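Both complexes shown next keep chain A, but they swap its partner, so chain B is in the first and chain C is in the second.
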Partner chain A sequence: MSSSILSAATSGAASCSQRSLVASRLLVHQTRGAAQKAPAVKVAQSIGGVKKGQKDKWERKIGREYTHRQHDIPVFTRMSEDKLKLPKTDKSPAVLPEQFQPMSTSLNLPLFEPKAITRKNVGTAAGFDLTPTNPAKVFGLPKKMFLEFRILSTPCSVIRDVTVETKNKLEKAKDSSSKDSRIVLTGRAGCGKSFLLHQAVQYAKSEGWIVLYIPRAKTLINSTTTYTYDLRTQTYLQPQASYRIVEKLLTVNSDALSTLTLSAPFTLGGDQDKSKLQVFKEGTKLSEVAQACVKDKSYQSACGTLEVLMRELEGQTKFPVLMAIDDFQSLFHDTAYRDPFFRPIKSHHLSLPRLILEYASGKRNFAKGAFLSALTASDTQYAIPLELQDTLELGHRHPVSPYVQRSETLLQYASGLDAKAGGLQNLKVPEKFSVEEAQALFEVWKDDLALTNSRHDETFMAKYVESDGNPRDFVWKGVLASYAPS
Partner chain B sequence: MVHVLGKKLPDNHLARFALTQFYGVGPKTAHRLCARFQIHDKCKVKDLTPFQITSLASFLSSPATAPPIPRYPLAPPKFLSPAPTVPLSELQAKFRESQEALVKEKAALAEQGTPAKEWNDPLKSLRIESELRNQIRENIAHQRMIGSYVGRRHAMHLPVRGQNTQTNAKTAKKLNRLDRF
Partner chain C sequence: MLRRQAVFSLRRCYGTTASLRQAAPSSQASRLDDLRAGILGRTQQPTANTEDADDDVRKFKLPPSSPSFYTARPVFYDQVAQLERAIATANNALRRAQLLPLPAFARASLPPIHPVWQTKEEMTQHFQTKMTLARYRKVTKLLNELNDYHRIANTAGVNDLANKIYSIVSLFESSKKDAFLARGKRKPVVLDVYGRSYTVGKRKTSSARVWMIPVQQQESSSAPLPMTTILVNNIPLNEFFPLPADRERITRPLKVAGILGKYNVFSIVRGGGTTGQSGALAHGIAKGVVAHEPELETLFRRAKLTRRDPRMVERKKTGLAKARKRYTWVKR
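Entry: the complex of A and B
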C-alpha cells in the first residue's frame, strides 16, 4: 500500500498533488492504526497506592485513558505496582526499584582483615565489613571519604605499602605504652592520610583493640556543642560532645568494656544535685558506668564519666587502646568558642581537645596502645599551623617571616610535654599511588559502573597521569569526571 | 517559646540570631552576648538553659549595672586537677579568696597612684529598645535646642550631612524629625 502512495507522490503531476496529500494523510492514519494494533496486549491494571474511596474514580480515569488510547499515538502502560509506590504516608514510604537500592549491587571484594594486610596483597582493594557496630558506622567518617562511600556500592579501600607499614607499627605498639607510638600521618592533600587512618582503625578493631576514633576533630572546636566553665579542671567542659563520645565508645567497644572493671569507686554526676548521684563500687563493669551515663540525657555526667573511662583504659593492660584522630591540625588553632570576655578559647582550654592533646603530647598514656592522627591538608580554615610544621619538619610552602610568633604552649604540645617521651612521630604517606594501587582502584570504579564511555588501558593511564598519581584527584577528577553525556 | 523583656524569641531560631530582634542589638552585639553566657554558635532558643534565659533577661534589663564577670583561672599545660573527692564548694571558696586578694591588690595599686588597667566591657554601655530610642531623640532635641545646623535640618525633614536634596533624600524626609519615635 505504501508503495502505491509513494508512486502517487512521486508522479509530480500538478493534478495529482491534491490526491497525494489525501493519500499521505491516509498513510499517517493507517500507520497509526498499525502501530496500535501491535502492542495490544492488555495487562490487568492495578491501582497502585490509591485511597480506598477513590477506586471508582480511578477506574473511570483509566477507562477514559483506554478510549483515548485508541485515537492517539503514545502507547501508555502504567508502571506495575511493585515497581513504584507513591509516598502517600509515613507508613508506606516511597520504595526505590531494587537496582537503585543501596547495597543492591555488591562488588564482591575480599574483606579488609588483618590477615589480608600483607606485602603480597599490596595493590588489591578490600571492602569493609558493615556490621552496625563497625567504627565507621558509629563514629562516622571524614567528609570526603563519606561522600565517596555514598557513591560506591561497597565501601572499600586499597591496601598500600604504607598500610602494611602502619599495621606493623600497630603490631609493635600492641605491647608497649602509647608514649612510644604517637604518630601523625602527613602528606600532601588527597594522598590518602584519612583513608590510612581509617584502615588502621578497622585493623585495630578487628584485632580486638579498644578504639576511639574521631573522624572530624574540627567539630570539637567549631562552637557547635554546649560548653561550660569548670573550676575543678579549670577548663571549659563540653558535655554534649563528651556524651556522644561515651555513647560511641560504648557501642563500638561494648564487649571489651564489659570485661573491664573500675579500679576505684566512682560517683556519677559528681558536682550535680545530690539526689541524682549514682555511686559505682570498685569492680563495677565499665560498660555499666557508660550505660548509666548514656541514660542521663541531661549530659551533666558525661564529662566525668569520660574522664573515668579514659583513666581506666590508661591503667588496664588487657586490651590495647587506639586513639585515632582525623583533622588533628585543627586542635592547634584558636577555637570558635568565646569566653565571657569575648576572647577565642584556646583549644587546650576546652576539655575534649585538651584530652586529645594530652595523649598526643605524652602527658597521658595508655599502658598498651597507640595514638594515631592524620592532618587535613586541604582545609583552608584550619590550615596546618606553624607549630606543627616546625616540630614535624614538614617544610613550608612559602618562606616564613622570622617575626611570626609561635605559641609556646602549642609548641609544647607538639613537641611533647614529657621530655623523655619526645615529640610526635611523623609518618609520611606516599604522595602518589603506585600503578598497581591505582589499577585496583580503577577496577573497583569500573566494576561499579562509574566509567560510562571507555574502559580501556589508555583511559586508565590518562587518568593516572592527569592526576599525577594523587589518589583523591585520581578518583574525583579522573574516574568520576570521565562521565560525558553523548 | 521564650519571651525576654516582652520580645518573643522563636524556638527554632539560633539564639545568636534571635537576639538581634532587640532594637540596638546587631549581629556583633548578639555574638558578644552569647559569649558572655556561654551560648554556642549553633544553639537554638529552645536549647537555652533556664539559667541562661534568666541571666540574659536580667542582663538586658540593665546592662550598666550588671555584676562584673569573674576571671576564672585557666589550666596551664601541666596542670593537675584536684581529685573528685575534693568538694566543689571548697574550690569555689578558694577562688573567691583569690578574687578578694586581687581586689585588695588593685586598691593598693590605686593608692600608690598607678591604678591597674581595667577591662572596658563594651556591653556595659549597651542600650536597647526604648532606652536607645530615648537617647536618639534626646540627641536630636539637643541639636535643635542649641540651634545647630544639624538640628535645623532635622526639623526641616532634610538630610543633615550635605547630601543632595533635589532628588532622592527620601529616607531623610521620612525619618529626620525632632521626635523620631
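Entry: the complex of A and C
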C-alpha cells in the first residue's frame, strides 16, 4: 500500500522494470498446439462457497481486493526512463528529452493552508498536502476531481474569492451551533462547487475541526451497499456504509476522537451473539469505541457506533464539527433500494441519508460546527428537485407548473433550509472564473506540460472565451481537449 | 455638312418660295396649306383673313428644322446623325492630339469602362420611336465607339474633350447603372449608431445573424484583461455548443485576427445542426470583424474565412441508394 510519493515513485520505477522483464518473458509466441496443451490457469472463484483448506487463501485475496479499493489520492508516478527516450536511429543513440529529465519540471506550488487563504492570494494556485490522514485520501473525492488529480502532478486548486468568503463563514461558525451555519453551495454546472467544498474540508482539517466528508452522497442511495430493516427505529439501516464512515472518521480524526469520551455507557454489538457484546463504560475514549467497531468486520455494530459517535459529537464543544456533503440533491430523490413490495425506498427512510437530512434541516445540530453541502447540477439521474429549487430560490430554466406534486416530507426537510426562516443559506458560487483565477489555473497546467501549443496567450484567451469562464469546461474541454499544433 | 446638303437637296425639290407659289396647283396647294397650317400650329381652315398670312408663309417658306423631317422617325435619325457627328468630331480631335490610331499595347493598358446603356424600353421613350433590336444595336454600336473615345481621352488626360464626350454619352446611360455594376459584389456593412455591426453568416442550411460591438473597457484596472463574451440565442457559448470542435471553429476568426478580447458577439442562429450552426456563426463573425476592421479584408479572404462554404448536402439520385452509394451489386 503506497504511503508517500517517493516510495511510490521508486517502487513504481522498480516494479515497472521488473514488470517489463516479466512481460517480456511471457510474450512468447505459442503455437496453437502448445496453447491447447498448456494447463488452464486456475482463477480463484468462490462459486458455491470456499473449498476446504482454501479459507486463508480466500481471505487474503479479499483482503487485497479491499486494499485496492481504498480511495487513495492517485499519485503521479513517472514512467521508466527507457520508455520515455526518443528511439535510437542509425546516427544518434536513444535520447531522453529535456522535459523528461528528472526534476526539470515540477509544480512548485505553495501549500494550501489557512493562512494562505486571504484576499491578496485570490488568483493563486495552492497544492494540498499528501499526508495519509488527509480527508481527500481517506474519504475520497468526487469523480471529476479524482480524475483531474490523477493527471496532475500535485493535487491543487485555485484560491478564489468565494474561498475567502467560505473561510470567513466557517470562522464565524466555529463558535456557534451548526443550526446557524447550514450552507448549500449552488451554481451552474461546472462552476466549482465541489472544489470549493473540498477546499473548505481541507481548511477545517488544518484548523483542527472534526471533519466528516461524504464526497459522493449518491453512493448512499444507489443501492451499492447493504441494507437491513430495523424494527426499533423503523428505518432501513446501512451497515456497510456506516462501517466505512466510522472507519474513515476514525482515520482522519483519530487525535480528536482520542481526546473525547463517552458521556453514557454504550453496548457495542449486533443482535446475533449476546456473549460477544462489548460494553463501554462512561468516559471511554471515542477512538476506542470506533476501533472496536472497525475490528468487527461483520458490520453489525457499525450503525449503533455511528449513531453514538454522532450523538457525542453533537454534545461536545471542544472541537467544531464540519459535516460536508457533496451531491446533496441526490438525498431528495427516491433511492435505488427496494422494499419487500418492490417499491423504491424513500431516502429519508434510510439511516444515513436521514442522518444527513436531519443535520441539514436543523433537527439535529452540533453544539459547535457547521453543515456545508454542495449540489451537483450536471447529474441527470439525480437532478436538483423542485423542493430544493423552490426553497433555495434557484430559479427555473423552464416554467414549472404549481400543480406538479412536491413531496411534503421533503418540503419539511427543505423548509428547514429556508434562509428567511433562519434555515439553510444559499451560497452562490460565481459562474465564471475571473481572469486572474483562470490565469492561475492555466499556468498550473502549462507548468505540468499539458499544452501542445507554444502560443500560450492566444490559447488562454481562446479557451477562456470558448468556455465562457466556466471552470470545468476551461480545463476539460479547453486546455486538455485542444490539439492545436504549435 | 449634312445639314447643308439636306437643305440644298430640299431646295432643289421645292425650288424657291416664289416658284412654289406659281407652280403649285390649287388642290396641291390646299393640301400643302393644310400641312403648313399644321406645322405652324394653326388648327382652323385658312380663311379669307389669313390669306395675307398664307402669302407670308408662301413668301417665307422655311425648310424643315431637320433633314430627317420627312422620314418616318425624325427624332431617331436626328439622334443617330448627332451621334455620328460627335463620333467624327471626337475622332478628329483625338487624331489631332495624336491619340489615334492607338498602338496595341496602349489599347491593352486602358482601364476597362463598363457602360450600361439604357434598355430598349427606355430608349423608346428617348427616341420617340419603337426601338427594335436592329435600331438598338445600331445605337449601342455608336455609343460604344463614343465610349471608347471617351476612355482614351480620359486616360490621356484630355479632360475637356473627355467631358464633352461624356456629356453626350451620359444621356444614354441607364439609371440602374450603379445597381447593375454592383451586382454580385458584397454590400458594404455599415456600423450603426452604437458602433455595432450586423452581419449574416451561412453554412449548409443554417444561418446566423451576428451583432458585434467593441468591448467597453473600464477606466479603472479592476479587469486586467478584456474578454470576448459570445451569446448564441441568448445562451452562453459553452452551453449552446458542448463540443470543443464547434467552439474552436467559432473563435477561429478572432484568433486569426488576434482580437480575442476586443468585441462582444451576440447572435441568433437558426436551422441545421451543430456543425452548420457553428460554421454559420464563424462566417458571420468573420464578416463582422471585416466590417469593424477593413484592413483585415485581404487576410480573411486569403484565410478563406469570409468565404461562404458552398458545400451542401448532395441530393439522392435515382438508381442509387444515396447520393453516391450504389446498391449491392448482384451477379445474377
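The rule we apply is simple: the second predicted complex is superposed on the first by the 367 of 486 C-alpha atoms of A that agree within 3 Å, B and C clash if a C-alpha of one lies under 4 Å from a C-alpha of the other, contacts with A are read in each partner's own complex, and residues count from 1 in each chain.
Keep in mind that, in the parts below, a contact is a pair of C-beta atoms (placed from the backbone, for glycine too) under 8 Å apart; a residue touches a chain by one contact, two chains touch by 3 or more.
Quick caveat: nothing in here was measured; it's all calculated off a predicted structure.
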{"item": "Chain C versus chain B on the shared chain A, clash or fit after superposition", "value": "fit"}
{"item": "Contacts of A:G304 with chain B and chain C, given as first, second, both or neither", "value": "first"}
{"item": "First (chain B), second (chain C), both or neither touched by A:Y229", "value": "first"}
{"item": "Chain B versus chain C as contact partner of A:H349, first or second or both or neither", "value": "first"}
{"item": "Which superposed partner A:F341 touches (first chain B, second chain C, both, neither)", "value": "first"}
{"item": "Most chain A residues touched (candidates chain B, chain C)", "value": "B"}
{"item": "Which of chain B and chain C A:A462 touches, first, second, both or neither", "value": "second"}
{"item": "Gap in Å between nearest CA atoms once chain C and chain B share a frame through chain A", "value": "22"}
{"item": "Chain B and chain C footprints on chain A, overlapping residues", "value": "none"}
{"item": "Sites on chain C touched by chain A in the complex", "value": "223-225, 227-230, 236-239, 242, 244, 247-248, 250-251, 254-255, 258, 260-261"}
{"item": "Complex contact set, residues of chain A against chain C", "value": "435-436, 458, 461-462, 464-470, 473, 477-478, 481-482, 484"}
{"item": "Touch list for chain B against partner chain A, complex", "value": "31-32, 34-38, 40-43, 47, 69, 71-79, 81-82, 84, 86, 88, 91-92, 95, 119"}
{"item": "Residues of chain A touching chain B in the complex", "value": "222-229, 231-236, 266-267, 270-271, 304, 336-342, 346, 348-349, 354, 361, 363, 409, 412-413, 417"}
